[in-house]
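Labels run A, B, C and D following the written order; every chain starts at residue 1.
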Amino acid sequence: MKENVYLPSLARIVDIKLESGGSRPIKTFRLELVDEKKKKEFSYRAGQCVMVGLLGVGESMFALSSNSMVHDFFEVSVMRHGKVTSALHEAEIGDVLSVRGPFGNSFDVESWKGKDLLFVGGGIGQAPLRSVIGFVLDKKNRADFGSIDVLYGASDEGALCFLDELNNISCRDDVNVHLSVDCSSESECQYFVGFVPDNLARLKPDAKNCVAITCGPPVMIKVTIELLESFGFSKDQIFTTLEQRMKCGVGKCGRCNIGGVYVCRDGPVFSAREIEGMQGDF
Amino acid sequence: MKELFICTKDLEQFLNFCCRDAKLLGPVRDNQGVVRFCQASSVSELVLEDAAKSNMSAKKAVLAQTEVLFSFANGDDGPSVSDVEEKDRVVVVGLRPCDARGIWELDRVFSENVDEGLYARRRKNVALIGMSCIKPDVTCFCSSVGGSPGGQQGLDLLLSKVDDGFVVSICSDVGEKLVTEASMISDALKEALNKRDETLKNAEESIKKSVKTQGVEKHLESVFNSKYWEKVSESCIGCGVCTFVCPTCYCFDMQDESDRQGGVRLRIWDSCMYPEYSVHASGYNPRPDRLNRLRNRVFHKFVWMKNEYDFFGCTGCGRCVRLCPVNIDIAELVNGCWEAKK
Amino acid sequence: MSDDTSCEVFEPNIVAFLCNWCSYAGADLAGTSRLQYPANVRVIRVMCSGRVNPMFVINAFMEGADGVLIGGCHPADCHYDQGNYFARRRMALLRDLLEFIGIDPKRLSVTWVSASEGGNFAEVVRSVTEQVKILGPMQQLRREKKW
Amino acid sequence: MVELQEKLRGVVADLLENEKLSYVIGYQAASFGVGTRPLFIRSKEDVKKLVFSPLCSANLVRYLKYRKPEESVGVVVKGCDSRAVVQLIQESGVNREKVKLIGVSCAGVVEAEKVQNMLPEGSSFELVGFDEKKLDFVVDNKKISVNRSEVSLERCSCCEYQTPVVYDVLVGEKRDAAEKYRYSEVEDFEKHSLEERWEFWTAQFEKCIRCYACRNACPLCYCPQCMAELLEPQWLLRSVDSSECGGWNIMRAMHLAGRCIGCGECERACPVDIPLMLLNKKLEKSCLSRFDHKAGLDPKGKPVLAAFNPNDPEEFVMSGEC
């Protein structure tokens, strides 16, 4: 008998980190599958998503935000917004969650080998990028890639996520981190003040032998892609991950389609070329 | 496959025999005069002649409107989950070939690409005994979308009315099994078969509605951004009738129901015509207007399903045409796209 | 369970929505005055009887209440001037509707109890409990447990 | 009949041109059979498609909520439809200055499906005339009459407002109220015991598929977020079973209490024919007897549940006094 794809595994919260506060706080949950055998078998690739839920509340799809080279645990970063995410934010270390997945495709890191990488993230959109940044910076992988630039921005200082980690990697001499905030209340802001694409325009990255990976609010993605193209990036050099409302995770429940493509099943990672060819509402 | 014959007077007995040790689902007429596929205790409760006019299709036999996906319990040592058990055997009697074709489509949707597992468990316990369509309704257009009044797709047995009885076509191994040991059936005579063929031909010819579907999946793509969609969606009131009465609409919502001891995760039919269906947690909705939602529905049925499975997600049963409170006619809508300006 | 309870007495669940300023204070007074009244009521404090949405009542029935009591200030005494007048209209219609679909309207009681009427509150609870006891357990509208 | 329709076409064409309306909402022939469906008239060509007959049952007022703020539109209203407009005015749900009401007096609409069933099969159906008693059709060149009383709707047979209560232009003669007593159905049902009533309504609620056609067809259900779909707080579970569907039907009826103007769109839209008007009429009767209130008549009035009278009856209120 075929397995019931809706039957979840159970995972325990082993750590919770408050990434940013404000009215829409973001927390990163470190999870471990309860079942030892499943825990050993669980693996995923950067860019993939998991359905994380609370039994009795419901489940939501989240991008895996941890380095996929680490197998003992996995992490999701969650912004408090709806019913499930609010309940997740109330959860404590030791609580057991339901997990299904991983789902979807992933970043084709194999094809990026030998190339420079440019990450452009905004807000909670940094979560899937964090996973792939973790992967490429992993000791085993770093030598496979050229220079690495990380652009990241949020609405204000308080909303910047993963700040410790970003500060840590910015100390490395093989990574350049460029942080920005949309607006700052402080008189002397330590970050670039302006939207993420403004920061990108300032940096004028070289398209040659470079791959750009972007994720953030739909408007930011749109503007970023246009801007990158103006710098000479071809549509095949730009990758992004899309989000839609999701329920089933396996392309059955219908709602996450963009044209004939189901984001949960065929995505969430798409090249700008693939997005150009999509017909549908997004 | 084999073709048998049964006299009209023996039909009820025969069908009851086929439903032995299984739940019976068939067209039942309620006090308001509405025909729906419902559970019945005997074939005598069914209105087999009027099944073509049933407002709710037989879809729920394989995809219940509310269905448990799994259950969970909150024990002292934390929560545990348990898979659903196998469902009872069900025999659906009296569904028309369009409804059966709908189930045949669902079979592929739920098993291809990712086999979700759950659907197949229920499906293998469901047998379908269909009835040929002798008198298509004014809203029927099955022959335009790959079906026919005597279509056998999805069915296990097909009964076709002839003068004094029914030709019983065996369409599958399951059907073969159903009729073994049925004493009241005999081999169909040549005359009966000829009569059946003639009746079905007449039925097919009496279908008035038609949709120009040749190459429509390509053409629709070319008019995706047409003003046409604005015009046709203007009268849509955004209810879910078209999707809920449709034999092929399968989209669903997932919700939890629980108390302190435990609960279930359910799937419940959902409708792409609701704004809530696609709205993000952030409040952003990729399909904010009736235009987007109606276009999405038409494209899903006539473009994307065609591209993915090589069939249209529409079996021409005509229910959405007949039951839409404002008569948005999908056949007319698809035909109209050929004249739409790009 | 001992033998003498084998003929089980039905103890109804009654959900009481009491307004903060009068009825809740009345219930409080009943308590501090040590008045005895049946322990079947589960009190939910609302700021005003006018806050009670008909769906509060329906949800109470769905989730296991056998009776619902709504308590507000006496007419003309509402802390918010008019809230109880609105509640009165709303509940009158809800009772009519429930009766029309076959739910005994005695399952939905409305009362006015002031902050000084502890005794009246106890009395109302006694009559409501008696009334619902006679009606027996509510079967209608109950949520089906699927697990 | 042709006369009424021609007159209406003339009025619409005139309004469209002289009042600079973005569109006028009227009726056109359905895609099959004898029925009608909404038509959005933007041009002279569209005016030719406009029809009006007892087969025009839809309440077009519900489309006013889709009107863009800058648009001036026209809408064809029957008596009941016009009351929906008044009710919307009471609730500040419509900008009267931006809406031209084309009133048509109506002797009641008929059920298209019933008419269809009384006609022979054919490929073309044309309504060539109608009066108080009958409808004359030509089906494939054959003339056939249908007795109006056999196909008319219950809600129309006891309609009190056959002439629109508010309009800018009136087409047709003013009409008096229908003679039949309005609440005989409700009172007949009230003769049943509580048990019998519940048995009847559970059977109805169990049929409900929660497609929300009743809500969406209603001219007065315009909330941007319906309580039925809220997840926080969740008043109704999504499960489609008798308790949740019962809850939904009670919720819908209560939200229309004292607001329902009796156009019957909910019942007509329901794909499983739940007799929703029976619930609506019961509440309408309650509002009338308890509060002497009728919905959708006085543009300056208040919805019944947004108003009160200190002397409202309170025979049901329990007294704690011993």
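Heads up, the rule we're going with is that contacts are C-beta pairs under 8 Å (C-beta built on N, C-alpha and C of every residue); 3 or more make two chains touch, one makes a residue touch a chain.
Model, not experiment: these values are computed from the prediction.
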Statement: Between subunit C and subunit D, the fewest touch steps amount to 1
- request: State the pair with the higher C-beta contact count; candidates are A-B and A-D.
  value: A-B
For subunit A paired with subunit B, centre-to-centre distance based on mean C-alpha positions, whole Å: 39
Field: Intercentroid distance (Cα basis), subunit D paired with subunit A, Å
entry: 50
- prompt: Distance-wise, how many Å sit between the C-alpha centres of subunit B and subunit D, to the nearest whole number?
  reply: 31
Query: Once you find the CA centre of subunit B and the CA centre of subunit C, what distance in Å lies between them?
result: 47
- prompt: Listing for subunit B: what residues touch at least two other chains?
  reply: 72, 253, 255, 257-258, 263, 266
Task: Would you give the residues of subunit A that are in contact with at least 2 other chains, written as numbers and ranges?
output: 82
Message: Going by the contact rule already set, what residues in subunit D reach two or more other chains?
response: 237, 239, 241
Chains that touch, pairwise: A-B, A-D, B-C, B-D, C-D
Query: Any idea which subunit D residues touch subunit B in the complex?
result: 30-33, 35, 37-40, 58, 62-63, 66, 123, 203, 207, 209-213, 215-217, 229, 237-241, 265, 268-269, 271-275
- request: Show which residues of subunit D lie in contact with subunit A when the two form their complex.
  value: 231-232
Touching residues (chain side subunit A, partner subunit D) in the complex: 82-83, 86
- request: Report the residues of subunit C in contact with subunit B in the complex, numbered from low to high.
  value: 145-147
- request: Would you mind writing out the residues of subunit B in touch with subunit C in their complex?
  value: 68, 71-73, 257-259, 262-264, 266
